[in-house]
Structures are given as structure tokens and as C-alpha cells.
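Same chain, two partners: chain A is paired with chain B first, then with chain C.
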Partner chain A sequence: MTTEAADPVDAAAIAPAADAGFLQRWGTEIEYILIPGAALVVALLVFGIFVALFGKNPLDLYWYMYYGAFGTWFSWQNTLSRAAPLILTALCTALPAQLGMVIIGGEGALLIGALSATSAALALQGMPPLVVQVAMVIAGMTGGGLWILLSGGLRQYRGVNETISSLLLVYIALAILNHLVEGVMRDPASLNKPSTREIGAANMIGTIPGTDVHWGLVFGLILAVASYILIYHTTFGFAARVAGGNIRAAKIVGLSVGKLILTVCFLAGACAGLAGMVEVAAVQGRTNANLAVGYGFTGILVAFLARQNPLAIIPVAILLGGINASGGLLQRRLGLPDASVLVLQGIIFISVLASDALYGRIGFLKGKS
Partner chain B sequence: MDFGRISRRHLLQGGAALTLGAAAGLRPAFAAETTIGFIYVGSRDDYGYNQAHAQGAAALKKLPGLKVIEEEKVPETDAVEKTIESMINLDGATLLFPTSFGYYNPHMIKMAAKYPKLRFEHCGGLWSEKDPKNAGSYFGYIDEAQYIAGIVAGYTSKSGKLGFVAAKPIPQVLRNINAFTLGARLANPKATTQVIFTGDWSMPVKEAEATNSLIDQGVDVLTCHVDGPKTMVENAARRGAFVTGYHVNQSPLAPKAYLTGAEWNWEALYPKFVKMLAAGESIPNFYRGGLKEELVKVSPYGEAVSEPARKHADEIKAKFLGDGYTIFKGPLKDNKGNTVITAGTERGQKDPELEKMDYLVEGVIGATS
Partner chain C sequence: MADGNIGLWTVPLAVLGGAIRVSTPFLFVSLGECITERSGRINLGLEGTLVMGAMSAYGISYLSGSPWLGVLAAGLTGALLGALHAGICSLPRVNDVAVGISLMLFGTGLAFFLGKPLIEPTAARLPAIDFGWWSDVPQVRAALRINVLFLLGVALAPILFWAFKTTRWGLLIRTAGESADAARAMGHSVLAIRLRATMAGGFLAGIGGSFLSLFYPGSWNEGLSSGQGITAVALVIFARWDPMLCLWASLAFGGAAALGPALQSVGVTSGYHLFNAAPYILTLLIMIITCSPKRTLSGAPAELSITR
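Our next item is the complex of A and B:
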């Protein structure tokens, strides 16, 4: 105190200078944490006001959201189970985004992946479970991959907008699924709920030991990290980002943009296809219309909130998983309608997208030069 | 904010109830305040399937010593497992009603096996010996009420053309279409029922299209079997057609057009279940019944229902409530001319053959596939 008081000018001059050095060096990274974090806080405050308008105490709301999502070990498992499919479906949007493509058809790839994985399991009945499971992974990823490859191919060879085509392919995938499940693949015993035959209890992949979270979470984490490495630490990823940044420049330097598009689309679809395989092999045990619950669509939200960064997808998916997990508690304890969770998701989405405008504009994070 | 204390108290209560319940059957579990959880697949004010269950839950709320918790819009995935566990772990629920068909297998079965001391009651599932003993399935023979509604519709229709907006060609739906048609032909032997399948349980746009297209073809009385009859009822009433309802009483939506309807009577059944448990009796694992057993009911007649229609309908209703009445009896032909029930055969409500129904009776215009 005394030194500062004695020499205010120096202290003021030195401290910000040191800060500026630190902030300048890490400014971008700090922005990536600070801005979405602030956007989230703003969204929660807005949602609190919204809830207060309905005569509920916002503090109760925040407590129940925390309690239902992260407050107990059970809540954590609930959150992680719900996050697992979202990580995989978010990658289906985030990978093509590196190329500047907006793919929103992860739901279709998930359904086709589930259908392919189920077909593989049903074809290999009687084989050792490990063989069946590996075949399901390969079939699920290939099926989903080929599905998004269709969008990539349509874009590359026919100039069809990939956003529209991938979205429309979702409805085709759902129609194919319903057609097969209610037709040739139907288990005659599934009277009032048309479904395929079960893949068999032995072929289920089960849960991570000590938890009741299924292995889909681990698959998601591995693929998210692998995607991050692929995009930021390989020449392939670099090429993809160059093409995404400026497609003409990429062509001029001799990059095979078409090959990049097709490969990335296949990988993206494979991630969503794996999500479908996991839903079959860890949750439902067979394919039926229950698979189409919108994991693919929520994945789009996750990818955009994560700014298409595969690593950021992990915490964002857990956040959304937590919001969904606590939604039940909000209904039961506060008497809020189910739609309130959707309202919150919408507010977060808008808030984070709007905060995009702040990048590079926060004064104290900018360098002096 | 003392949520911790509240939830802990509930947990302790639940735990104490469990231990006692284990020692002396389920009786003590219902001695203190009991928490009962209801899970709905859609919105609980849908004027349909979910609202019928919510009305049952509301009837339980009026009983002393019961705490009813509800969660809506829970998909038929592991989300319902998590909701069940959340109700058990965070709210101390000891009796659960996951009410949607797709919750049964594998989700509710898995939870019943995991929590063997709690009671699970499912609507519509087919409980079999290999399923856990603490799980049960109940369902009502609502085709009895559809048969009565058919009689009323047959008398009211001037064109003799009736319309049926249906979700999927599964046994439960086909049985309603057939019962409705047989009832109508009791009143008017020349009556026909044109059926349109929308393909899924909640497809408001397709339901509206189907309603309009049926009326365009000369249909003047409509009914339906979808999750939310609201769309059909409101659109038909707007076009000047009459309707018979389904799931719950939709007369508030169309007071003039509403003739009668086939309703669930869960507000009678659920208190009965709770009283059985409180008295130390066990609920039969496979619980079925119709009008007589008060699982289903017929809506009060609307003003447009003629005197002969009321008389005939009441007469048949009295038979259902009295010595019994068989809807599906030979000789019965399907709409392709094949005999499906031979002369002299009576298929009573509990006949397992009826659970596998895959035909439309003579007089129905439409196909199952």
C-alpha cells in the first residue's frame, strides 16, 4: 500500500505492462474461454428472468439445474450418458465445417449407421461377441460415412448445396428405416412396436465399469481428440483448413479439394454412424423408430456452440447433456413445462452466436501495436 | 434454500420404506408418504394419450399421503431409464408409471431388474413370465368403447361413410378400427370406414391432411387413433363433420360436433392400484379389463346424438357391463374377402389371437400395408 501510494505512477505503469504482456500473449485463448463463458452467464441470467416472470424463484432454478446435472454422482452419470451421443453427432457437423461446409444431416447418418450395425449383428448371429461388435462398429461407421458422402458427392460433382441435401437425406434415412423396420427386417414378435430382431444380450457393449454410462462416451472422447489432432496437427487437416479458408487459393497451390471434401464427409458421417451403432449396441438392442430422437439435430447445436472445435465439443456436449439431465428435475420440482429446457437451449444458442461479434474487440485483451 | 435437507429426507424415507418393504412386502412402503412417479412421452395437456394418464395422476394427487411427481416429453431411449433413476434417487419414488409403449422393453424391464424392491407399472406392454416380478403391465380393452362409438357414428352419419385417422397398422390400432366399423355396421349395415394411416403417433400436419381428404370424399363422421386427437377433432368440426373422440373427452374442443368417444379411465384404475398396494395385496402382473372393469369408459353423448342411437348404444353398453358381449365373433370376413373368424367361433377380449390382429374387417376401406 505504502509503496503504491508513494509511487502511484510507477505502479500503474508497471502492472498493466506486465498484464498486457500476459494478456497479449494469451489473448486469443483467453477470449475463447471468456467470451463463451460470459455468453453462458448472460443466457442463464436471461433464462432466470424468464422463469421469474412465471413466478418461480430463479435461485431455485439455478440450484436445481446444478443439482440435477452435476450435484450428485448419479446426476453426473445422467449428464454423461446424455452427452455421449452428442459428442459423436457434433463431430458430423464440425469436421465438414473445417472445409467451410455446413452439414446438418447427422441424424440421417445416425439412423443409417444404426441400421447398418443392426444388419451386421443380425447377419453374424452365433459368432463370438467381439467379432460381432467389431463388425457393428465397422458397419455403423461405413453406413453413416457413405450417407454423408452422398451429400459431399452431390456438392462436389453436381453443385448441390450440402446443407439442404444433408437435411433432406435425414427424411430419406428415416423413411428407409421405417420401411425396413416395418417390412423385411421386422421381428414378427414386435406386434405393437415394429422393430428388428434383437442383436442379442451377449453382443451388447455394456457400460463403463463402475458406472452406468455406456461406452459411447469413450468412443466420443477418442474421436473428438483424434479429430482435433487430424485437423490441427496433420498436413491433411492443414490442407482442409486451407481449402475451407479460400478454396481458390487451395486449388492454385495444387490441393485436391474434391478428395478433401469426400474424405471429410465420409469421416463426419462415420462419427454419426458410430453414434447410431452405440445406440443400438448399448441402449436399444435393436433398431426401431425410437432411434430418431434428434441426437443428430442437437449435435448441430453442440458443434456451433463449440465453434466447430472438436476439443471444445466435449465440454459443450457435457453442458447440454447436463441441461437435458436437469430438465426433468425442473419439471418435477418447479413445475416448469418441458419446453423450458428448449427455451434455455435457444437462449444459449443465440447468446453464444451473438457473442461471436466480440472476438478481437475486447480492449484489454488487444495488443498495443 | 434447504433443498439438500428436503431431498435427503425424501431419500431417507425412500430408503426406510425400502428396508421395511423388503421385510414385510410392500405394505409399509405405503404407510408413510409415498412418492409416485409418472412419465409421459408427450405433453400432458395434449387432449390425448398423455393427458389421459395425467388425469389418472391427478386423481392420485387427491389421495392423502401420496406425492405425485411427473415428467413429460421423455423419449423412448435411455433417457427414460435416467428419468426413472432420477425419480428414485433424487425424489424417492417407490412406485413408477412409465406410460408410453416404447418404455417397456428394454428400458423399464432393465430398471425393474435393477430396483427389485420398487414397483413398476406399465401401460400397454405384454408382461410375460420371464419379466421381473416387480414389473407389471396393464391395458384396457378400449375397443369396447370404440364399438359403442361406432354404433353412435353409424346412426349419425347421413352418407354412411365414416373416417378413421390412424397412426400405424399395428394390432392395437387395427382392433379399434375394426371394432368401430363393426359397431357402425350394427347401426347401418351399409356403413363403411375409410382409414388413413399417417405413419406415426404424432403427425399433426398429416392428421389434418387426412381429416380434410376424408371429408372431401364424403365422410361425415370421423374418429382417430393417434396420440393427440386434437388436430382431427378441431379440423373436422371446422368442416362441419361430426367426430367421436379417443383417449380423453375432447368435447371442450368441439362441443357441437362431439358425439361421444372412447376414453381411458385411468382416474379409476390408479387409485385402485394404490389401494391394493396399501392393503398389502399385489397387483396382478398382467392386468386387463374393459368397460366392466372400469379401465375404459364412453364419453357422455353430445346433443347431436339421436334417441335411437342412444338407446341402441346404451343397450350394448349394458351388455358389456353385465354378462359380457363379444365383438369379434364368427363368421367374420376381412376386407379382402378372407374369413378371419369362422362361424361359431367367439374371440373374447382376453383371446391372445386378438393381440396379433393383422387384418381390417369387411366394411373398412384401406390396407394394412
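Our next item is the complex of A and C:
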């Protein structure tokens, strides 16, 4: 999987090296692909050594990872279904990052989004499915949006660090979810695993025709492209990037930074909230503690690996979704614990951050001017 | 009274006992983070360090039979993770907040991976000193069964306060945290100072983790720490980077965290999960009250990225 992904990039970078003009034009773009790609390969090598310490063959590991993630149509569908919430939760980190904010509370917004969407569906039982589904989307996005808006508002009005507040809000969201699911919203029939009542089979959003991949993937793709357009092709996005680059300059030219922060935080939370809605309406059918499987945390990694670029988030989310999807196979075939996916994600994250030091330092990419 | 039927007095007693018992990890992590942040760098990865510390302490205690070796192992593991954090942060253009997040995920994942075989076996636990021998009430005795680590932590707070103020090392750390240029001008390597400060912070956070697995709750499982590490990092901010305030704040937090189980023990079960979230809500509220958008916090090390 790794070599396949990285080789074409290497080839593209090395082949036209003689042409300095090409490198001057595209050098930065190549760097943005080459450096994270190399960081990924290094991380996979380190993880290979790590499992070798436990007596497993690293080549088996790479093969099963590839096979479990992209080897068959079945694994592709599994991968894409897992990529959908990752795209959405990654946007929750990537959008505020344009303003220079580090939001890591996507998991909390996902949970609140799921809870709001479920509440909407349960309140509207008996209505036409389309009405219920639209209401779930609106409720999920609003719930998640307000949750991250809280972090943004605290930052704007009280100067509370948004990284810490958003993470604390994850634990608070989980407590609220458990409280409601084991309390007023509990389905008396759910004995072992306290859950809300089901939203009803008719209200599930279903799968893309001809596949087992649910519509959440399409939601994710639409929002990723929309975020890209918002950031790079609108005045609003330009203003956000100016404020992210230099907040004092932004204030001097008269941008209302507060409004930018609040709007962006709401949009970011809305994305993660939609991920919660999708998990309810396409996978679980109800809300319970199963929703807190860490999509929000993996989303942070996706956003950083994609260098906070909404379009780059799509392939990166598919890659990380693939790694998640292969976890089951690694457990069954290699006898690795289910946490091995977490270890790999941690190693990738560290390696990608360390690779930040390489930008602008690779000799042959600078051109010969 | 001697039969232990003390009615609603159970709640304040359990909160007091909790303040002593539950506060220890908060105390160690916040004191460790205090050292790191005073040197001008923030390590958000202490949540991962805490879990790794808990796992390695439990593992070593199980293998060697000595819980104190476990505590030492937890500290060393924490110092290693601290060195990793400091090593990556010393590369140019690398953001310490992001590295902390990555180490939080890495530490937790690695602990779950390596700790898988440790969920079943029982390891030797840390002993407690019985300070409640004078009382006949079992709840009082339970509340006053105090672990040595807690006493060490309580002693450490004034020592650190003194060390920051008067020792050469304290001055160096503070210089690196207030002005890296000044430290450089004095001929010291800022990166080396921060490396040692982050390792010391990791060492203490690891010990905090060992308390979780070896004393209270006293076993290893994947739900052992849920955010104590990050709460302790937030705690340092509103304790104004002052070790003594860290001590009082940790005690308050321990009390808040013990509220849920205490109420449950007298039959109040309805808001169990919400009471369990009390430390996080408390942290958030205190941060809302003490922070201000108009000025940087008093006492904040000037080089700290998170307050700039």
C-alpha cells in the first residue's frame, strides 16, 4: 500500500528535475505531497519494526493492511464507509485551523450531533421519511455547530484556550450522552447496552445504489468541496485566511475577527455534527455509547496529515479509513490487539508533525535560480 | 456511630477522602506540567503519559512483585515520552500543541496495545498508611487511608515553589520560559533546558499514572483515565503556573471528581454521569471566570505559545 502510494509521487518529483522552471512553479505543491507521503512511509516502517518486536512478520502486516483496506471491493466499501465520518470530523479541525485555531473537540460535536439528530427523528415519528431525514440533518448540524461555537465563543469573549476547552467539551458531551441514554431517552428494551429507541428503518438514509457504502460519504465529499470553495474562492475565506495569518493586520484592515471566529467554529462543529447524524442514520440506527469510537480523534490526524486543506482531506480520510478498516483483519490474522490501529495512527501523527521541519529545505526542489 | 451508619455525613466524608485519593494524579500531572510550561513549552500529551505510566507501573509491579519498581518504571516511561515530545519540538517550525495532541493519541494507543495482557492479572498494589486509626467510623478510616505518593506530591509542591524561586535550576527554567533570547545571551541552550523540563514533567505525570493503576482505582483497564491528564494541564493555567496553587486546585478537583461516587453510595444515582463530568465542568467554569480576552494571564511564561 505504501510503495504504491508513494512511487508515482517520487517519479513525478524526480523525472522533471532537470527543468528548474517546472520546479519553481510546482515545487511547493510537490513538497506538500512528497513530505507527508515520505512521513507516512517512515511511520509504516517504524510500525513494521514495532510489530516485528512482537514476533510478527512486517511483510504480512503490510499485506493484510493493504488487503483489509483496499484489497477487495468489500474492503473498499468498508474503507469508504469509515472515511465518511473522518472527512466530516477532519473538517471540524481544518476549518478553524484557517484562523489559526486548534480545535480538537470533533468527537464531542459528533456525539452532540448524533444526540440531536436522534431526538429530532424520535420527535417526528410518523412523518414522511424525507421530512425526518432533513430534520435530522438540520438538528445534527445545529447541535454540533453550537457545541464548537461554545469553544469559539469562549475564546473570543473570555480568552479561554480553544484547544483545551474543546477537549474538555468532549468529556462533557460523553457524560451528557450517557446521562440521557441511561435516563430519559432510554429504550426500556435495551437491557445490556443502554440505547435510545430506534429512529425507524424507513428513516435510515440507506446506501448509494449498487454499493454498501452509505450516503454519508456523499455528504462528506460535498462538504469537503464546499469548504474548499469557501476557504479559497470566497471573500469570507480570504478574510479568514488573512485573520489566521496575522490577526492584528486583519483588525487594522477592518475585518470583524470575532464574527469570523464564531461563524467558522459553527461551520466546523456542524460538519462533525453531521458525522454524528450520519453514524446514527446510516449505521447505528440509534444513539448509544457505541458512537464514541474515536472518529473525532482520528479526524484531527486526518486534518493535520492533509495540512488542513479540505480537498486533501478526502484522500487522507480514505487512507485512514482504510487503516481503521484493516484493524479487524490484523486482529484475526496476526493476533494483534485492536489498539494496534491507534498505535499506527499515533506514529503517523508524530512522523507527520516532525516532517514539518523539512519544508523549504529539500535542495533539489528549490530550483537553481 | 460505631456501626458506620452516619447517614448523609457519608457524602462530605467521601468527598474529603476523594479529595485526598483522587487528587493525587491531578497533583502529579499538574506539577509536572508546571515545570514544563515554566520553561516555555506546553505538553498536551500528558494524558497519554498518564495512561502509559499507569500501564507500565502495573506491568512492572505484576512482573517484579514490587509496586515501587512499578512507580519508578512509570516515571521513566513518562520521562521517555517527555524526551520524545521535546525532541520533536526542538525541530524548526514544529508546533508544540500539535505534538502534544499526537503524543496523547500515541501514548493512549501504545498503552492499550501493550496493556492488553495486563487486564486479567492482579499486580501488587501500593500500600496505604492508616491515618484514621483513632476513629471507630469505617467511613472516616476509609477516607484517611492515605497513600505515600499523595504525601510525596504534597511535599513536592512547596519544594518546587522554593526551587523555582531560589535555585539556579529554577532560575534557568524561568529564564527559558520568559525570554529564550535572554537565556541564549547567558550562554545556555534553551532547547536543552526545555528538554530536561519536559522530561521532568513527563516523569511526574508517569508517576501520577502509576497511582491510578496501583492504588486508586487500583487496576489496569482501558477506561482508567478519561481526561484527568488534560484536566490537569488546564489546571496549571488557572493555577497561574504556581505549584502551591496547583496543590489546592488538585485537592478541589479530587473532591469534585469524588462527588459522583459519593452521591451514588447514599443512593443518589440519577445524575451519576453528570456528576462524573464535574471536574471537566469545573475546569471549564474556572477557565471562563479566570481568563480574559483583553490581557494575557498574570504569571504566564512569556514564551508559552498557548497564551500568546
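Simple rule for what comes next: the second predicted complex is superposed on the first by the 348 of 369 C-alpha atoms of A that agree within 3 Å, B and C clash if a C-alpha of one lies under 4 Å from a C-alpha of the other, contacts with A are read in each partner's own complex, and residues count from 1 in each chain.
Throughout what follows, a residue touches a chain if its C-beta (ideal position, glycine included) is under 8 Å from a C-beta of that chain, and two chains touch if they have at least 3 such contacts.
For clarity, every value in this text was computed on a predicted model and none was experimentally measured.
Judged by the touch definition given at the top, the superposed model places A:Phe304 against chain C, while chain B stays out of reach. Within the superposed three-chain model, A:Asn178 lies in touch with chain B and with chain C [touch as defined at top]. Applying the stated contact rule after C-alpha superposition, one finds that A:Arg158 touches chain C and leaves chain B untouched.
Once chain A of one complex is fitted onto chain A of the other, the partner contacts of A:Ile104 are limited to chain C, with no touch recorded for chain B. In the superposed model, A:Tyr64 lies in contact with chain B only, and not with chain C.
In the superposition on chain A, contact is made by A:Pro337 with both chain B and chain C. Touch criterion not met for A:Ile33: it reaches neither chain B nor chain C.
More residues of chain A are touched by C (comparison of chain B with chain C). When both complexes are aligned on chain A by C-alpha atoms, chain A residues 178, 182-183, 337-338 touch chain B in the first and chain C in the second.
The touching residues of chain C, when paired with chain A in their complex, are 44, 48, 84, 88, 91-95, 97-99, 101-103, 105-110, 112-113, 116, 226-227, 230-231, 233-234, 237, 270-274, 276-277, 280-281, 283-284, 287-288, 291-294, 306-307.
Listed in rising order, the residues of chain A touching chain C in the complex are 102, 104, 154, 156-161, 163-165, 167-172, 174-176, 178-179, 182-183, 297, 300-301, 304, 336-347, 349-350, 352-354, 356-357, 359. By the touch criterion given at the top, residues 1, 3, 7, 43, 69-79, 82-83, 85-87, 89-91, 101-102, 106, 124, 126, 168, 170-172, 199-200, 355-356, 369 of chain B touch chain A in their complex.
Only residues 59-60, 63-64, 67-68, 72, 74-75, 78, 81-82, 178, 182-183, 191-194, 214, 279, 283-285, 288-291, 293, 324-325, 328-329, 331-332, 337-338 of chain A touch chain B when the two sit together in their complex.
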